[in-house]
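One structure below.
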Amino acid sequence: MTTPPFLSLRDAMARHVRDGMTVALEGFTHLIPFAAGHELIRQHRADLTLVRMTPDLIYDQMIGMGCAAKLVFSWGGNPGVGSLHRLRDAVEHQWPRPLALDEHSHAGLAVRYTAGASGLPFGVLKGYTGTDLVTANKSQIATITCPFTGDVLTALPALTPDVTILHAPQADREGNVLLRGIVGACREAAQAARVLVVTVEEVVDQLDAPMNAFVIPAWQVAAIAVVPGGAYPSYAHGYYARDNAFYLAWDDIARDRARFTEWMTTHVLETATHAEFLQRVGAVA
Amino acid sequence: MTAYTPDEMMTVAAARRLTNGAVCFVGIGLPSAACNLARLTHAPDLVLIYESGTVGTRPTVLPLSIGDGELAETARSVIPLPEVFTHYLQRGRVDVGFLGGAQIDRFGNLNSTVIGPYDTPTVRLPGAGGAPEIATHVRELLIVMKQTARTFVDQLDFRTTAGFLDGGDARSRAGLPGGGPRAVITNLGELTPDPGTRELVLSAIFMGVTVDDVRAACGWPLRVADTVARIVPPTTIELQTLRALQDRTREAHAHRVRITLPT
Amino acid sequence: MTTPPFLSLRDAMARHVRDGMTVALEGFTHLIPFAAGHELIRQHRADLTLVRMTPDLIYDQMIGMGCAAKLVFSWGGNPGVGSLHRLRDAVEHQWPRPLALDEHSHAGLAVRYTAGASGLPFGVLKGYTGTDLVTANKSQIATITCPFTGDVLTALPALTPDVTILHAPQADREGNVLLRGIVGACREAAQAARVLVVTVEEVVDQLDAPMNAFVIPAWQVAAIAVVPGGAYPSYAHGYYARDNAFYLAWDDIARDRARFTEWMTTHVLETATHAEFLQRVGAVA
Amino acid sequence: MTAYTPDEMMTVAAARRLTNGAVCFVGIGLPSAACNLARLTHAPDLVLIYESGTVGTRPTVLPLSIGDGELAETARSVIPLPEVFTHYLQRGRVDVGFLGGAQIDRFGNLNSTVIGPYDTPTVRLPGAGGAPEIATHVRELLIVMKQTARTFVDQLDFRTTAGFLDGGDARSRAGLPGGGPRAVITNLGELTPDPGTRELVLSAIFMGVTVDDVRAACGWPLRVADTVARIVPPTTIELQTLRALQDRTREAHAHRVRITLPT
């Protein structure tokens, strides 16, 4: 077993993410790696294929800042609030640049991650039948016939991101990473990835991991950055809650191109670290 | 009888559709309110599954998002998201699902993807999420939507989610295992599918609503059942429970989060 | 949610298992439902299709007592000891009756359970290639071509047992069941089953279940029987250890038809309950 | 130098093949002893995965079965068995696998299923277990078997597990992703595949063994490398560590289990 290097967030992103790559920042409401996304914006990454089940605010920000050429996703909204205005602007008006879509349902994208995590070239589900997704995204959706029953099912190609980035509560000093609480498709996105980079709330001597916990072995992790508050305004169970008020406030910030750009400049581009970002956004106690 | 809003009536009507003990796949917003209202009133043993992986959850406040910590803390178990869709939904273990959408047609098909053409939409909507497979697999699909002539349309801009497809036996011929839409609950009343043609028919209206109101708020020539039932207004218990739930929810979501950084 | 009935082991087996059914008693070394298997022997169940990744001593006993017409399996030995003599006798000499085999590898049987658990008619793996399994078990092994890459993979039909029987450490009073420790394919066998019956070490007010524990919801359980020691000579983590000495001793007991039959008569047929069995076998403190 | 048994020599030779830091899929018996010996001597960071779902386990005694509680208690995590095969093995995340068998042929194919015809076997063996997919996927397969003319056969009765199939590039043409057999460690020495034909060639022997001994214990005309290496006997450290491990193991497996029933 090789212990992954513990790097600064800046170095971890600079070392592993390059323009044009397929990158998945996963986390379902919980443990969304905002700090990592902001750092990619600071480093002016471009032409990325961004993969996420629920693009959420972090991809709204990355899309609005021109990082993305393509989006692989299954539901693109501000949960419980409304639209992702930057995602909409990119799709509806190609601002700041055109955005290609590889669009699925949750069940479908989960199958694609699971196939990638399992070393299979495709996955199978009972779904998509009778929907226009099948024609809108023809190259990524096929049918397949069960050789035993003759049933016709839907086949989807495996997802194997060049880099998956997760935020997790804990790593131990060997680099084993604990996932806990709502994990979404984090495990599958991690196992599917060619390279896995993780930000964590803290490093501990001993993971708070019962016997059947979700632990990612150290030898599957390429780099770890310790970033307290790294999921904010998403949350890290047991550390801090989701800032629902920020999600509500984002609706106004993101609605207008100029206001969005100014906010991103002030809060992300002009802060050097995530701790500075948290200070400036007023999220530090 | 206290005054109530159409939203409250809609939520109460949706809640009443849930049988105690049913296993329910819950979406965010009104469905979440309706499911929890049912659980706090006539259906204490309702099993709620949110797609975030929280199985058998009993939140004391409504989540803003589908993956709030409250759902995890009050769940019987928290599982990886892919398993919700494979081991539960696709395996046929979910009784009831709730969906909404931006557009619905007369056969209960839904659009939550785009207004306008897919490649050059005038409005890009959030997309499919869990909807297509929820509608594929649940024994009984409940749809909750405000009814206007713009949302109840003759022709969907995009079919995100299959209801009864072109009606008749089209759904079962396509091999969709679940039962399809059981009812559409609106701010005016309820539409239910004709057992033969599967076309949605106005079968019940709320107090103070006329059949003509409902017809006017529909983008296709709406069929009306021979007898249109009147839906009983919310009871005091229903209203109090719903409002207390929503008050708790507002309170919980109001405060900003402050993080203590290590020094 | 409906709380499953808490029944006696005798009633739970009598109500749910009938001759000719496909029955899976799962548990991988750990949590093997020996008590349930013994009760099926006491009730003289016959013509069963028995499914297990590792038949182990319990299926050696059931096969030797004539309960099984067919075995679906992936490795049939006495782990770390040697042969399952009753399984061998059935295959080599049709004693006490012929036994049909539906034989797979561990990876393959896991895929079959997972497909069943997922509501799919088949599952896919990279495996079996270049092996004689493919010809020995032609009707249950097929190839399938990836519609995206053209890769040829192996397809296997889903397993959906009529009844899956598990042994678990705990149920709560609602009937939710906790699995813990080495779970093997228990979860998949449970989700794949038409009917799930569980024996447990104990009933508790509150499951000892951290947030991401493996909990089977009460509404998926058809019946629960409280059977302390119900996995013996297999083990229940935290309750009692595996009786490795018994596994070693079984080799001699099972080697000879007469000695086997006598042992089964004395220890299983002539005991009325699992507690009596444990007494007679000398496993009670 | 202390005296040692051929079994000990075999275990030590197998252990030496393991590089520190490698991820290793461990089978029960001699492979388990070899892996843990390596971990306790030159390869402390060896990652051991047992098919029971115990990942990164560091047992203090050897398990009798593949799913002993000891493996769970000393594991970094315990996962469902299907994930071991999908997320780890099939995903290509395992470096080394260990297998044995009842029969092996000159191309490293293995039989652990039957002696005699499949439908009417003279000896029914345990079957495949994890073997076919371990051999399919690991970068490097190590085979450990006692060598006799009855087990090293010209023709397998059943091919349970693919090594190099018919030799040459047959394995890669069949699309098997892993690297195939790297070495066969016997009680007499080591066989390694010829880089071109992939036929197993005697490349090293233990002290006190002659090339003729090995040839005599082989069911096919065994090829011998131009220079046959002599394998260094077990060191004192290796022997002491292995024997202490096996003593602890015997001690742990000796006592009967007693269950306290509730009264």
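Every chain is named by a letter (A, B, C and D) in the order it is written, and numbering of its residues begins at 1.
Just so it is clear, contacts are C-beta pairs under 8 Å (C-beta built on N, C-alpha and C of every residue); 3 or more make two chains touch, one makes a residue touch a chain.
Computed from a prediction, not measured in an experiment: that's the story for all the values here.
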Partner chains shared by subunit A and subunit D (touch criterion as defined above): C
Any chain in contact with subunit A as well as subunit B: C
Higher-contact pair (C-beta pairs counted), B-C versus C-D: C-D
Subunit B and subunit D: spacing of chain centres that average the CA atoms, whole Å: 56
Where subunit A and subunit C are represented by their mean Cα positions, the distance between them in whole Å: 39
Where subunit C and subunit D are represented by their mean Cα positions, the distance between them in whole Å: 27
Residues within subunit C bordering two or more other chains: 119-120, 125-126, 151, 181, 183, 187, 211-214, 237
Where subunit B touches two or more other chains, by residue: 72, 78, 86, 90, 137
In contact (per the touch rule at the top): chain pairs: A-B, A-C, A-D, B-C, C-D
Of subunit C, residues touching subunit D in the complex: 28-30, 53-54, 73-77, 79-81, 83-84, 87-88, 91-92, 103-108, 110-111, 113-114, 125-133, 136, 151-152, 181-188, 202, 214, 228-229, 232-233, 235, 237, 239-248, 275, 278, 282-285
Subunit A partner contacts - residues on subunit D that touch it in the complex: 21, 23, 45-47, 55-56, 72-73, 75-79, 86-87, 90-93, 137
Residues of subunit A touching subunit D in the complex: 1-2, 117-120, 176, 187, 191, 209, 211-215, 217, 219-220
Complex contact set, residues of subunit D against subunit C: 28-29, 51-54, 63-69, 71-72, 78, 80-82, 85-86, 89-90, 109, 113, 118, 121-133, 136-137, 158-162, 165, 171, 174-177, 253-262
Subunit A-touching residues of subunit C, taken from the complex the two chains share: 119-122, 124-126, 142-144, 146-149, 151, 153, 155, 157, 180-181, 183, 210-214, 237
